[in-house]
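Two complexes, one shared chain (subunit A), two partners (subunit B, subunit C).
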Partner chain A sequence: MIWQFDLLILTLIVICAIGALSMKDLLSAAIIFGIYSFLMCLLWAEMGAVDVAFTEASVGAGVSTILFIGAILGTSRRSKD
Partner chain B sequence: MKRLQEHFEVHDPNLNLIIQTSIRILVPFVQLFGLYVIVHGHYSPGGGFQGGVILGASFILMGVGYDLKKSMELFPEAWNIAMANLGTTIFVGTGLVCAAAGGLFLDYGALSNWIGIEPAAWRSLGIFAVEAGVGFTVTSVMLSLFWDLSSRGELDGGL
Partner chain C sequence: MDGLMQELVARYNYWIYVILMMIGFYAMIGKRNLVKKLLGMNIFQTAIILFFVSIGVKNQGSIPILSKKQALEGVADVAQVINPLPHVLMLTAIVVGVSVTGVALAVLQRIYKEYGTLEEDEILEKISKR
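Right after this comes the complex of A and B.
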């Protein structure tokens, strides 16, 4: 564990999380959520949990982004309020 | 190359030639990597779940690049259901065979009562069978999740 890496990745994770929550456009939020998952994967790998990192990379960044995009297809572009 | 362009023009002008060609080149490598992750699950990071997700992602990639109809043509729904059930049956069947051989559920070492290989070798083989079962099930469930989500449960179009 190198604390400089930890601090850098954690800062980027928090920025990505706030960005995904505050984004109006759902597609942008889904893509930023994919970036969040990849950073989370880097953090797991850096902490030595390679198996969890593998799962995070394949499920969190790969499949769940596609599932989010598939679900976003069922929504309309603009909200009414 | 001309024949390939004609092939795509006949099918649907909206579908993109570059994306489809690159997906067709990429998918075999993704599938090979998924199978590698499943098979090496008991030596290295990875295993049935992760490899199954990567295998399922390769089929999802084809569904994204082409359309739902082509995706269901390449991997029919009946095969999908059969594969999910086969994986679950392999998992539970391995556990029940171990229980029948005199051990606990999923206690692979007990299989050496029937066939006289040492228990350590049986544990390696047993964990491989379980990983393969998990991989089959996760592959088909990921693909059917994608089908259902992208077509809102109708399985007739979308994405």
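Right after this comes the complex of A and C.
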């Protein structure tokens, strides 16, 4: 575990979390949430949890982003807050 | 006091975990859009996974995969290997989380069909008019 790398990824994760929640457009919120999940995957790999990393990359980032995009395209894209 | 500060700075993973958890908690309570609430729930869940993985990390530790020589002779130094038990627990948590997200999105689509909106206040207004 390299602490500089760790701190950089953690900062980007917090920025992505706040960005995903402050978007008015739900589709861009879903895409930023995908970036958040991939950064989490990078963090797991960096912390030595390689099995968690590839599960997060395939299931967490891949499948759940696709589910979000599919649901948003089936409903409405706009959000008030 | 100096020792306390050092402890606080050295545990920065746990601070970020608390911050992420509070961001997710705020989104679940404060946001009106149901998709935003679901995103907040996902962030909350990944924060808990971050906490559990942080427990197992060791400074300068190697990943929990032994070489053939270490496995045959049984000489693995446990202090130099990252603890794999929290990782295995969190694999289950990730898979359960994606299933919960899928079911929640299906319910959201049903709500949208019924009320034509995903905003909480508009839905409550339409319910009270019935």
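Following the convention adopted for this analysis, the second predicted complex is superposed on the first by the 76 of 81 C-alpha atoms of A that agree within 3 Å, B and C clash if a C-alpha of one lies under 4 Å from a C-alpha of the other, contacts with A are read in each partner's own complex, and residues count from 1 in each chain.
Please note the rule applied: a residue touches a chain if its C-beta (ideal position, glycine included) is under 8 Å from a C-beta of that chain, and two chains touch if they have at least 3 such contacts.
Being a predicted model, the structure only gives us computed values, none of them experimental.
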Which superposed partner A:Ala20 touches (first subunit B, second subunit C, both, neither): second
Partner chain(s) touched by A:Thr55 [first = subunit B, second = subunit C, both, neither]: both
Touched partner set for A:Phe33, first subunit B, second subunit C, both or neither: second
Touched partner set for A:Val63, first subunit B, second subunit C, both or neither: both
Dominant toucher of subunit A (residue count), subunit B or subunit C: C
Which of subunit B and subunit C A:Ala71 touches, first, second, both or neither: both
Residues of subunit A contacting subunit B in one complex and subunit C in the other: 50-51, 55, 59, 63, 67, 70-71, 74
Subunit B residues within the subunit A interface of the complex: 37, 45-47, 49-50, 53-54, 56-57, 60, 64, 142, 145-146, 149-150, 152, 158-159
Interfacial residue positions of subunit A with respect to subunit C in the complex: 1, 6-7, 10, 13-14, 17-18, 20-21, 26, 29-30, 33, 36-37, 40, 43-44, 47-52, 55-56, 59-60, 63-64, 67-68, 70-72, 74-76, 79-81
Touching residues (chain side subunit A, partner subunit B) in the complex: 50-51, 53-55, 58-59, 62-63, 66-67, 69-71, 73-74
Of all residues in subunit C, those that touch subunit A in their complex: 12-13, 16, 19-20, 23-24, 26-27, 31-33, 35-36, 39-40, 42-43, 46, 49-50, 53-54, 56-57, 59-64, 82, 84, 87-88, 90-91, 94-95, 97-98, 101-102, 105-106, 108-109, 112, 117-119
